[in-house]
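First chain written, first letter: the chains are A, B, C and D, and each begins at residue 1.
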Amino acid sequence: MHVAILGATGYSGNVLYNLLSQHPNVETINLYGHEGGKSSRFLDNEVPAFFSAHIAILPFDPKEIMANNDLLFCATPAGITKDLMEPFISADFPVIDLSGDFRLTDPATYEKWYHKEAAPVDLLEKAVYGLAEFPEEKAGKYIANPGCYATATLLGLAPLVIKHMIQKDSIIVDAKSGVSGSGRKLSSSSQYNFINENVWLYKMNKHQHIPEIMQKLNEWDSHIPAIQFSTTLIPVTRGIMATIYLKPLKKYTNEQLLECFHQFYDDAPFIRFRENDLPTIKEVTGSNFCDIGINYNPITNTITIVSVIDNLMKGAAGQAIQNFNILCSLEPTSGLPQLPVFP
Amino acid sequence: MHVAILGATGYSGNVLYNLLSQHPNVETINLYGHEGGKSSRFLDNEVPAFFSAHIAILPFDPKEIMANNDLLFCATPAGITKDLMEPFISADFPVIDLSGDFRLTDPATYEKWYHKEAAPVDLLEKAVYGLAEFPEEKAGKYIANPGCYATATLLGLAPLVIKHMIQKDSIIVDAKSGVSGSGRKLSSSSQYNFINENVWLYKMNKHQHIPEIMQKLNEWDSHIPAIQFSTTLIPVTRGIMATIYLKPLKKYTNEQLLECFHQFYDDAPFIRFRENDLPTIKEVTGSNFCDIGINYNPITNTITIVSVIDNLMKGAAGQAIQNFNILCSLEPTSGLPQLPVFP
Amino acid sequence: MHVAILGATGYSGNVLYNLLSQHPNVETINLYGHEGGKSSRFLDNEVPAFFSAHIAILPFDPKEIMANNDLLFCATPAGITKDLMEPFISADFPVIDLSGDFRLTDPATYEKWYHKEAAPVDLLEKAVYGLAEFPEEKAGKYIANPGCYATATLLGLAPLVIKHMIQKDSIIVDAKSGVSGSGRKLSSSSQYNFINENVWLYKMNKHQHIPEIMQKLNEWDSHIPAIQFSTTLIPVTRGIMATIYLKPLKKYTNEQLLECFHQFYDDAPFIRFRENDLPTIKEVTGSNFCDIGINYNPITNTITIVSVIDNLMKGAAGQAIQNFNILCSLEPTSGLPQLPVFP
Amino acid sequence: MHVAILGATGYSGNVLYNLLSQHPNVETINLYGHEGGKSSRFLDNEVPAFFSAHIAILPFDPKEIMANNDLLFCATPAGITKDLMEPFISADFPVIDLSGDFRLTDPATYEKWYHKEAAPVDLLEKAVYGLAEFPEEKAGKYIANPGCYATATLLGLAPLVIKHMIQKDSIIVDAKSGVSGSGRKLSSSSQYNFINENVWLYKMNKHQHIPEIMQKLNEWDSHIPAIQFSTTLIPVTRGIMATIYLKPLKKYTNEQLLECFHQFYDDAPFIRFRENDLPTIKEVTGSNFCDIGINYNPITNTITIVSVIDNLMKGAAGQAIQNFNILCSLEPTSGLPQLPVFP
């Protein structure tokens, strides 16, 4: 196949390019940049680590992209993507979009959380939210790849929520994330001297992944009213740990709880449900795995679920490849490493 | 004054020695080691950073210690301390004990959480739990210096708990700690390659600071049944952030919540209540401050309290100095740095 | 092919297993442990990150290994390997040995630097030092895979040394290494609180990679008398930077220097000679690349060469795969990632 | 005393404020900002860690500063300082200047290395280079506080250079520095994702501390022609290690080498010459110490000197306090911590 990447110079785009260049079903990768007018850009110039990938970054041209490729990966930032996608959606051209612009079906919700104008409703309706293990029933060729926090949180919550085993107003998520989650752009809060030896709870009640989590949770159980969701920046480059606290609907035995997770995840190639321990983020770094562990505390009647991912893999580019495999009916694990980079 | 340190080669002991050597009311510091028989130990040999402190570590001898010192700081590990303290307690000699051995009044609770035999009840009864901002009514010269997690958690919870403003079964604490909290001993979970680029939720429902938190909470409000308390290891050397989630008893205005914290902490020299933002751990590193911020989410009816300390300062040696100042009627801030080490 | 790994639970063994499990020419991987008697060991139990690799670790049995495999990768530590290899060498069975036990041809040199008894001379003579880009003329099936420091240093030095363009007594190497280089074993110098926020020059003039560097340099130029070689531990998990200082034999133009490197490395798939900048270690992490940059200072008449590798890849398991490909006449880049893990 | 700080919001200024606020001879500290016109700036607003220091930052006004203070600490950046200092120098008002603007006596050299216009020669002539352990003979009240790399390097080199014990063209310095050295300003090379898990040799042969090192070396020995000097960024916030390689003039015994260092440093309160080991940077962090160790390799006839400092203490604010104590005839160690922050 011939695939295009729009935005290969950002972190997700970097990882995407790396994965696609080793994907057995991908023959050529064409790179495009959304900034018009610039010419003669090359991947290796922008990303020294990719010194051996002297690949031109072509100017953005929807017709040219559709003529020369079978599918587009879009790794441009939220707020920019929405203005570029109309030609592809109108042509029903396959797109896997890593930005947040087409994840929310309700434009007003988008505008509240992203503080930007939303894409038109008729375009939003065409997008399918691509949480790979829990596909939407709606078919479609425009896949809105989930956010990193949303992926870790939803995969941790799914079994008990779908089976209606929890008290609906009891969900509290304390999520921790590495710094690559906020991308390549300069900011005072991504400076080494700020992050190193530090921990910071940021965007209190304001993180833009909250509404996509709620949207998916309500697809599973429309009576969940809200979740308390905190995002804490930790001094690592890659990785998310979502620590989820909730109350069970009634007394379950430990076996019932484990059984519920096994039922959903025993056949999922990228979910490793760990019955006997709680996973650490380093155990999934560099892989597309989401590792999940649970614990029940009878004294407080609280279930703790720990869900870890590599935010740039399962939380971005890895899941995008997974969605690519699904959309194109390829082997589900094709082109994805089968083990983490360890140590 | 002449003061003794038992156990100056551990991390808390290191910091204690450093602080005492700059304390204006301390004239001499004598060091003792609890391992009998070894002689000719020197601080600089065991701690290369203290190269310029060529101080002998004398063998443990209660009579000698009491004869030559006005007060003893005890920085030996839990499980060892309890067997050494009888002579001092019997003599009513002033001791500030940084271990966990005399914090819990109930021996059975100690044995359940520490998996060791408890100190005799008559000795335990003499100890005073020294959360410096919330002294016990009981007088006494044996101060059990609180644990690091307990300090951050209790100081964050105190105002709303004491004022009975919360739903009593709603407390969930997601605490994050740096690696120095587990001391100087070798273990696979304190290896660089395990900690670096990693986050680990450990001792689920089993951390030995849980019972001392409950003991103090119940002193303030005997109807609090339990807390959900998680400890997560993060890749920093120093620092604790306790992220506390709870539900208010009724609807409070933001002003009422802020007012409650101001009332307790405006006169506390080591608590910095930050009305407008949430603190980060690096903002207190190297200082004796506990910085606290709060947030109320009306959608989930949840209050989030963020409390940060340097685990070796306010969480250990710094609070020990604070207790020393209180016990000896010195200036409360004497010998304690007035600002963090920053950046 | 069917391949065996002896010692898959160490760091090099972990990476080796990971690479081999994705190698297109490898059909089965059998794991063996050198500790006799233990049974029922499994890879996932020892390495939680490999949770999804529930592979038995079989007891060491040379006959069984040779009967069921086409080649053995040996990732056991120096000092242990030498006592296990006789059956394989005698049978002329292909082995790629990641330890240091068969790198030095002179037993006395081994004993001086390793402080252990050397392997018998007749076995040592069979081993071939496998610096992949500079193969020995001698043929053989027992490949002694080079050490990590040696690889970075030798690849940086090779062009100018082989072309006799340097002053022979002028080489000074200031090498910096991440912590994974010293393996998985517990030690006080691999504790997080020691490494974090620290830099340590260790084993001054005593590092055991010095003699293998000298042996190879003298193969290229027998008049190089010695090198000054320092190893400094830095707070990263993976990566080596060898900063090499030397004096040119005479005045060369910049073009002559660049040309020399291009001549050796333009066709080497895993060397990226970077004409315009100096590489950083993160630009090769997770890959088998050695990136090299050079600088000439006319004021001091000093050439600086910067050579970076991932110590567990090009410095261990990656180069082992490269040697495997060479020995078995496979595609040279087979089974090796073509780009670093970035960011 | 009443002291002024110009530029308290930068890193050096932060540390300076922290030290001065605990200095026993300092009664008041007045803060000034060089950006004209801004009013109502406060230290706590700019530096959240200094939440408890609600101190106004007054507009820059030389007359006002001289009227209300006994001495000025200047912590503004190079290039800005030079345009502000004329009134103070003309009035012979005591200044300790942490910038690089008045360290070089030759304006042409400044302009070559700093790429900025130099201060007028008549002002430069008034400045005294304040390497505290090696004061200039020239008296003066305008102290140019040395750069961080220069301090570590010069203190390591001084004994052997002053005693003319080295081959004059043999000095190679491989210096490693933490990230705080480049200050608080945003840049892509101070982003966490660039620095973390990385090492970068930057400004090859171009670092602006090279000329001040040469100037001081030539004061000690006018025949030293040049030094090879590399600066490598390492993933720590604070700390410099200068690894210095050089050749002795003739064969010395180990005792002669040690004796030379002892002679210079046994009475220096902030130099800790470590006869038996090589220091690590963490052993001086937070202190004003420079720890020095040496090693002689008879095989290569090379002496290695390792010199470590905290770049913000001995390399900036700490040495500024030391110079303040000297200039004002206070106790030499006054206001400076006597031990590092450890662990």
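Here is the rule we go by: a contact is a pair of C-beta atoms (placed from the backbone, for glycine too) under 8 Å apart; a residue touches a chain by one contact, two chains touch by 3 or more.
Because the structure is a prediction, the values reported are computed rather than measured.
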Request  = Name the chain whose C-alpha centroid is farthest from the C-alpha centroid of chain B.
outcome  = C
For chain A paired with chain C, centre-to-centre distance based on mean C-alpha positions, whole Å = 36
Ask   = Whole-Å distance, chain B centre to chain C centre, using C-alpha means?
value = 46
Inquiry  = Averaging over Cα atoms per chain, report the distance between chain C and chain D in Å.
reply    = 39
Task = Enumerate the residues of chain D that touch no fewer than two other chains.
result = 11, 180, 184, 193-194, 197, 235-238, 280, 282, 343
Query = Should the pattern of chain-chain touching be classed as line, ring, star, complete or other?
reply = complete
Task = Give every residue of chain A touching chain C within the complex, in rising order.
result = 11, 14-15, 17-18, 21-22, 47-53, 180, 184, 197, 237-238, 272, 274, 277, 279-280, 282-284, 286, 289, 291, 312, 337-343
Key: Parts of chain B lying in touch with chain C, wherever the complex brings them together   = 11, 179-180, 184, 186-188, 190-197, 235-237
Message = Applying the document's contact rule, which stretches of chain C touch chain D when the two form their complex?
response = 169, 172, 174, 176, 178, 193-194, 197-201, 204-205, 226-228, 230, 232, 234-239, 241, 243, 245, 278, 280-282, 285, 295, 297, 299-300, 302, 304, 306, 308, 343
